[in-house]
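Structure first, commentary second.
Each chain carries a letter (A, B and C) given by its place in the written order, and its residues are counted from 1.
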Amino acid sequence: MGRHIIRQLATTIPVLVLVSVIVFLFAHLAPGDPITALAGDQVVDEQVVARLREDYGLDRPLPVQYLTWAGNAMTGDLGYSFNTRQDVSDILLDRLAVTVLLTVFALVIALSVAIVMGVLAAIYKGSWIDYANQLLAMIGGSMPAFWFGILLILLVSQRLKWLPASGYVSFTDNPIDALRHLILPAITLSTGYAAVLCRVTRASMLDVLHEDYVRTARAKGLSPRRVNMGHAFRSALLPIITMVGVEAGHLLGGAVITETVFALPGMGRLLVDSVSSRDFPVFQGATLVLVILLVASNTVADIAYGLADPRVRRR
Amino acid sequence: MSTMEQVAPGAAQAPVSNVKLATTGNRILRSRRFLQKHRFLTIGLAIVLSVTLIGLVGPFFYPYDHTEQDWMNILAAPSREHLLGTDDLGRDELARLMVGARISLLVAVGAAIGASVIGSVIGLFAGYLGGWTESALMRLMDALYAFPSLVLAIALVGIIGAGTWQAIFAISIAAVPKFARLMRAQTLRLRDSDYVVASMVAGASPLRLISRHIVPNAVGVVIIVASSTAGFAVLTEASLSFLGLGVRPPNPAWGSMLKSGYQFLDRAAWLAVIPGFAISLLVLGFNLIGDGLRDLLDPRAR
Amino acid sequence: MVGMTGDGSTLDPANWTNINERHFIPAIFDNLVAVDENLGLVPGLATEWTPSEDGLEWTFRLREGVLFHDGTTCDAEAVAFNIRWVLDESNGLRHRADISMVTDVEVVDPLTVKFILDSPFAPLPATLYESVGYISSPTALETYGADYGSNPVGTGPFKLVEWRRDNQLVLERFEDYWQADLPRASGVTFMPIPDTAVKLTNLRSGTIDLVDEIAAADVEAVESDESLQVFTLAGSRWPMIRLNTIVEPFDNVLLRQAFSHAIPREGIIQAIYFGRAQPAYGPISPLYSSVYDPDIEQAGLAYDLDLARQKLEEAGMADGFAFTLDIGATPQTARMAELIQASVSEIGIQMEIQPQESAAFTERLRSKEFQAALGSWTPRPDVDGTVYQHFHTDGLANWVSYSNPEVDALLDQTRTAPLGEERNELFRQAERIIANDVPWAFIVFEELARAARSAVSGYEMTPDTLLHLGSVQKG
C-alpha cells in the first residue's frame, strides 16, 4: 500500500512543476502588464511605473523571476498580490474557504439526489422510474449552469422572495445565514455533477445486482430489500467514491461561473479576476493550490478505493 | 458534462413486441426496430440534425435578417410579426437564434475534431513509443488536465484574443488531454494484442500497423468521446460568450444572447430563457448521440 | 448596506484605480476642499485657500479640531507629510502625477500650509479634490507603509472595521468626527455585486438599502415601485470612441468627421438609454453648468449621413473604408458597438468589433496599437481634469496622439488664468476645435441613476457623482 502511495506522489511532482511553468508562462505571455492593467486609461506617472516594476521584480529576466517564485513557493511563501498587497496565502485561505464550503454543499446535494435516484433506477430497471431518471440526468447534464442559476434567481429570489440572490456570509459568523446564501449556488453547481453521479450509481448498482454473490444471497432467501440495501449497495459505492474524487477537481471549474452569477468571493472568481488584472502572484498561487487539491483528491480517491477493495491492493 | 469513462450505463431497452416484425425480414421494418432499440441515439441524431438544418437553411426562408436593427421596437414580446420577439436592439430573436445555431455547431464540431485529432495523435505517439516520450507526454497531458477547463479557456483567450477560431482553439486545447489518455490506453491495449504481434513478426511496418490495426479499432471509442466533447464545447463557448470573451459581435452566439437577455430579466425574460433552452437542447443532442453510440458499440450495460 | 458594482483593491486615496474606490474614499476620508451642488469648491478640511500673485504659491488655512480615526490631530504638519509622501516616488503612488507641478510644501503655522509649485496651476484645489487632497494620518502611513491601502486611517465620518475583499467593506461611525451631528448612520457596509440584475433584486428584497447605480432600462420600473426611490444626475458619464490620429484610417481628419456624422446619437439614446441621455459633441458635460456650451452642436458634427458621405468623397474614400474597434468585454459596450456598426455600414464604413480581455485592451491602448477604442470618461471637479491630459500634446493620457497647437495654447492658458468666466470661455473655444478635430468621437452624455429604499433619508446626489453618506440614515 505504501509503495502505491509513493508511486502516486512521484508522478505528481513533475505534473506540479509542469503546471507551475505553464501558469508562469501564461502570466507573462499574455499582453498587458499588471501595473498598467489596473490603471486602465488613467494617467500614471512614468517614474511610479518604473518604481513599481522594480518593486514587483518585473524587470528581471523571466527565468530568474520563475526560480525566485518557485523557490519561495516551496517554503510556503507565495508572495503578495500586486493589486492589494495582501499576502497571497491569506487571500487564498479566505477564498478557498468559500469555494470549499460551496463545493462540499453542492457535493452533498448531488450525492443525495444521485444515489437515491440511481439506486431506484437500478432496482426498477426498465420501468418508468428508470426512464424518468435517465431523462432527468440527461437534461441536468446538458444545461448551462449559469442559465439554471439565473432561472433560480428569477424564480426563487425575485418572484418568491424565499432566498437571497447573492452574497456570502461567513460560516463562522452565522452558520444558518451562510447556508441560506449558499443554497441556490449549491443547487446550481450540483446539477451537472448529480447527473453524472446518478448514471454512475445506476450502472454500478446494476453491475453489482448481477454479481454472483448477490444472486446467492437472494437464493438463500434473504428479502430483496435486505439484499439491495445491505450487500449490493455497499459494493456499488466503490466506483461512486472514485468518481467523486476524480470529478471533484472539475467541480471547482464549474464554481467559476456560479460564483460570478451569485457574487460569491471564492477561488473561481479569484482566478478569473487575477487573469484580467494580470495579478501574477495571485494567479500563480491560486492555480498551484487548485492543482494540488485536485491531485490530492484523486490520490485520496485512489487510496480509498484500494483500501476498500482488496482485489486492487494486490497489484 | 456527461461521463466519458466506460463505467456509465445507458441503453433504453426495447419492448419485446418487435419480435413479430423482425420475423418478416423486411428491411425497412428491421431498421425501424434498430431505431426503436437505440432510442437515445435516434433522438440525439434527430436533435442535432434538425438544429443543423434549421441553422443552415432557415435563414434563407425567413424574412428577417438577423442584423436588421429596429430601434423603435426593442424588447418586443413574441408576436405574430416576430415569433420569438425582438432583442435589445430590435433584431428578430428567431433569426438570431438560427444564425447562432451555425456558430454553436461550428464551434462544437470544430473543437471536437480539433481535440480528437490532436489528442489522439499525442496519445498514439505516447502509447506506441513508450519510454521517456510516453512519460513526458502524459505528464504534460496531466498538467493540462489539472486546470479547470473554463479557466484554461479564459487564459488562452487572454493570450490569443477573442473570436470564433480562437474559441475553437482554446476549447480544443482544454479537451485534448481526454483524447490523449484514451488513445494511449487504446494503443497500449491493441499493441499487445495477438493480431498486432503476429503482424509485427510477419514484418509489417509501424505505419501499416497503426493505420490498419490500431486506428480502426480505436476509432469507435474516439467518436463516442468526440460527441460528448461537442456538447462540452457548446457549453464552454456559451460560458465564454457569457463572460464576453466568445465570438465577436454582432455574431449572435447563444451565450451572448443569454447574457443580454439576463440584463432585461424583468421586462423580457424570454430573451434569457430561449437561448438557454437552445443550448441545453443541442448539448443534450450531442450527449445522446455519444451515449447511443456507446450502446451500439458496446451493448452490454457494464 | 450599499450595493456596489465591484470592489476595490486599495483604500489609499492617492492610489485609487477604479470608480468603486472613489466611492469608498469619501466615507473614510475628508478632503481639503469640498464641492457644492454646482461643482463649485467650498471649504473641506481647509477653510480658505489663496494663490500668490505669480501663481507659484498656494496658501491653505486649515480647520481646527479635526482628529484622525487613530486619535492624532490633523494639522499643517499632517497635511505637509501627506503631500511629501505622495511626491516621494519610492512610495509608488499612482496619483503622484496629479500634483507633479508641486515641488514642496511648507508649514507656516500649525493651521497653515503653503504649496510651492514650479509652474502656475489655477485648478490646484480642484485637482486636490480628485485624489491627493484626502488627508491620511501620518502615523498610519508610517506604520503601514506599503500596506496602507488595506489599513486606511482618515478623518472621515466612518472608520474601517473590516475589509473582506469581494465580499464586504464594513465601516462604523467615527464618534469624534469634526462635524458634530454627523454621521447619522451607525455604520456603512459596502457589498460588491457585479451583476446589475442581481443587485437590483437585492435592493427590492431589502437586503441592501442603497445602490450605486441602476441601468437606464430599470429606471422606470424602480420609479414606479413605491418602496424605492431614484436619484438622477445628467451628464455623469460620457462614452466615446477614441480614434487613433497617427494610424490609418483615422489619421485623416475628414474620415474622423465622416465617422462622427454617421453615429446615430438619437437612436442610441432611444435604444440603449431609453431616452435617458443627451447627444454629446465635445468633452464638456452639461454637469459643468457654467462651462457647458449648448451651441456646440453647431460645430457641425451631428448625425447627418449626407454630410458623412460628402466628407468621405472629399477624402477620396467614396466607397467607405474598414477598421477595427476595440471594446471591453461587457455586454453594454457590445450593444453600443453593434448599433454603431449597423449605422455606419450604411455609408460603406466596415467596422469590425474586436472584444478584448481587459488587460489586453489596456495594453493596446497604452501602446497606441489600436485604430479605434470604445471607452468612457467621468467628470472631475474641474474641466481641466476631463480635458487636459487627453487633448494636450503633452497630456499623459493622450492615447490618440492628438496634437493641435491652438488647443495646447488655450489649455495652457486655462491653467494660469484665474477661475471665472474668462477661463470658461477659453475651455469653450478649445472644445469647439476639439469637436471639429474629432480625436474622440463623442456619443452621448449619460444620466446617472441611483436607487435606494424609500426608508432611506438624507441622501442627496452630488455633481461629483460620488457617494457621500455622512447625512444618510435608514428610517
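The definition used in the following text is that contacts are C-beta pairs under 8 Å (C-beta built on N, C-alpha and C of every residue); 3 or more make two chains touch, one makes a residue touch a chain.
The shown structure was predicted, so the numbers you read here are calculated from the model rather than taken from an experiment.
Among the chains, the centre nearest to the mean of all shown protein C-alpha atoms is found for A. When you average the Cα atoms of each chain and compare centres, the chain farthest from subunit A turns out to be C. Remark: subunit B and subunit C have CA centroids separated by 46 Å (rounded to whole angstrom). Look at where the CA atoms of subunit A average out and do the same for subunit C: the two points lie 40 Å apart.
One inter-chain figure worth recording: subunit A and subunit B are separated by 23 Å, centre to centre, where each centre is the mean of the chain's CA atoms. Within subunit B, the positions touching two or more other chains are listed as 154, 158, 243, 262, 265-266. Multi-chain contact residues of subunit C (touching two or more other chains) are listed as 195, 197, 357, 359-360.
Under the contact definition stated at the top, the residues of subunit A that touch 2 or more other chains are 30-31, 158, 260, 275-276.
The touching residues of subunit B, counted against subunit C in their complex, run 67, 69, 71-72, 74, 88-90, 154, 157-158, 161-163, 243-245, 248-250, 256, 259-260, 262-267. For subunit C in complex with subunit A, the touching residues are 9-10, 17-18, 89-90, 92-94, 96-98, 100, 146-147, 149-150, 164-167, 191-195, 197-198, 201-202, 204-205, 207, 357-360, 362-366, 375, 389, 396-397, 399. Note for the complex: subunit C touches subunit B at residues 195-197, 215, 217-218, 221, 264, 267, 270-272, 327-331, 334-335, 337-339, 341-342, 352-357, 359-360. Contact residues of subunit A toward subunit B in the complex are 11, 14-15, 18-19, 22, 26, 29-31, 126, 131, 134, 138-139, 141-144, 146-148, 150-151, 154, 158, 192-193, 195-196, 199-200, 202-204, 206-207, 239, 243, 249-250, 252-254, 256-257, 260, 268, 271-272, 275-276, 287, 290-291, 294-295. Residue ranges on subunit A touching subunit C, taken from their complex, read 30-33, 36-45, 47-48, 51-52, 55, 83-86, 91, 94, 153, 157-158, 161, 164-168, 170, 260-263, 265, 269-270, 273, 275-278.
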